[in-house]
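Chain IDs A, B, C and D follow the sequence of writing; residue 1 opens each chain.
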């Protein structure tokens, strides 16, 4: 295994386009011999896990619940924390790089936290939600400006390069 | 005591204007018979704590360190967590409302987390940093749009009202 | 304020004797000009908070819940963590010393954690539960042997001395 | 995969006997098609991970550090939390059952926490440290009495049975 890539994003119903983007990113993470880390729940997390499993990869879900019952069915390693949203910090600290797809306030908290930790952060262009929104403001703040924007098809390779895994 | 108001923002050297805004907000929190909660460190946190103490208030600092040595001198109740940035979640969960002054990625993670928890969030207009930046993008996301923008002199009263404390 | 003393112990119905011990310890903490820190709930925590308030002290409750609704009525500073039992770590890291009264597995986890952090730990003799039970085994382990056993009436003074607060 | 078994115990230099016990338990966990979860560090954690890897298993290490540099070389899935000892809670919440080998105060905090969570807890008889010590006191407390004591060679099968995995 080369490393761990965290995928963050919308927790809920996805448009077919975002579903497809998340699936492809998960698949690509596995194809690049990396472990997929995520919050373990629905939406972008589930689509990415499904992609990773279809490529024979390994998936890790860091969950808010204490019993793990909120894990999607494509999570191999269930890590129930019982810490609620406070687990967002661990979702991003567990990746060598973080890829963001769409998302709302949960994703925003994780983007901020990933930058706190100095992680390479790749926001997927055109995926919508806060992943696109932060681009509008990121040039106005030194640390926000470290976010890299990449096309869906290039996000994983950029993440690997920024994390020094290739 | 009426309630607890969390103040988040820049951890570091402040402009005289931001220093003054943070000080006045801390003072106003105390004058409104509320406890000031913050991350306990320098910058906006320290200025707000100083303001609260000058008005005879009570201040709480939820700290990243395990020994509390990073607390500013105006913190009454030192809560050393040993959890690093993961403590940001507790900083916002401990307030009935959250007021944001300037700030960078740490503040961004706390804004996202406060919205996750459904807390009233008041960003101080004209304080700079992410507190101003989020305004540019907040109308594009349902949950981000819940952030209320207020002048420095009105932020505390808005916070109290939104939290149902008055 | 001289410092912070954490009180841990049974969360639930107490015998009159244990209730009285916890109350007196809380009262003594306040009389010695210290802040009382605890898990904020019922049983020993509530009795100790009640004692501290009767002596005009300040009480802090680090709570498992995210809304603070599980705080006893004698907690001044409610810190809702949303982290469930994981908050036990913060309960003990927030005190300069830890006093243990009766208790079961929650108290045991806090005793272990307080020793991990190198905190002075005072178990109240005759209070029952794990506070008495650990005495039977503490001489067999270097780190467990650091627990100090004290009569109810002497626990707070021992705690202050061990924490270097007097 | 059938489930996840957490192994807790001494973090440091082991006697050859304890090293061998921990290794065999890790190996057996993998042979029973379970994921091994642990604190990811040295001593019992490392020996158990080594055993699991020799049997082709998967190992997870929930680490105190933020960079994962304290992981032993046999950890497949590194989860750096940056939460210090507070991560002990997640180590035990992530297993369907918890097996304890030797250990000191860290292990004691995890035993208490595992019982808080209602996890099946198996202490390995004759492994020394708190795993043996708790036996002396466990009959005196309802919740402590839920700890099951098992010979090294039977610990994993007992854990699987108690967790309903077989």
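Here, a residue touches a chain if its C-beta (ideal position, glycine included) is under 8 Å from a C-beta of that chain, and two chains touch if they have at least 3 such contacts.
Because the structure is a prediction, the values reported are computed rather than measured.
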item	value
Pair joined by more contacting C-beta pairs (B-D or B-C)	B-C
Geometric centre distance via CA averages, chain C-chain B, whole Å	29
Distance between chain centroids, defined by C-alpha means - chain B, chain D (Å)	40
Junction residues of chain D, two or more chains touched	66, 81-83, 85-86, 89-90, 93, 117
Overall pattern in which the protein chains touch one another (line/ring/star/complete/other)	complete
For the chain C and chain D complex, residues of the former touching the latter	85-86, 88-90, 93, 104-113, 115-117, 129-130, 133-134, 136-137, 140-144
Residues of chain C that touch chain B when the two form their complex	1, 4, 35, 58, 60, 62, 66, 76-83, 89-90, 93-94, 117
Residues of chain A that touch chain C when the two form their complex	66, 81-86
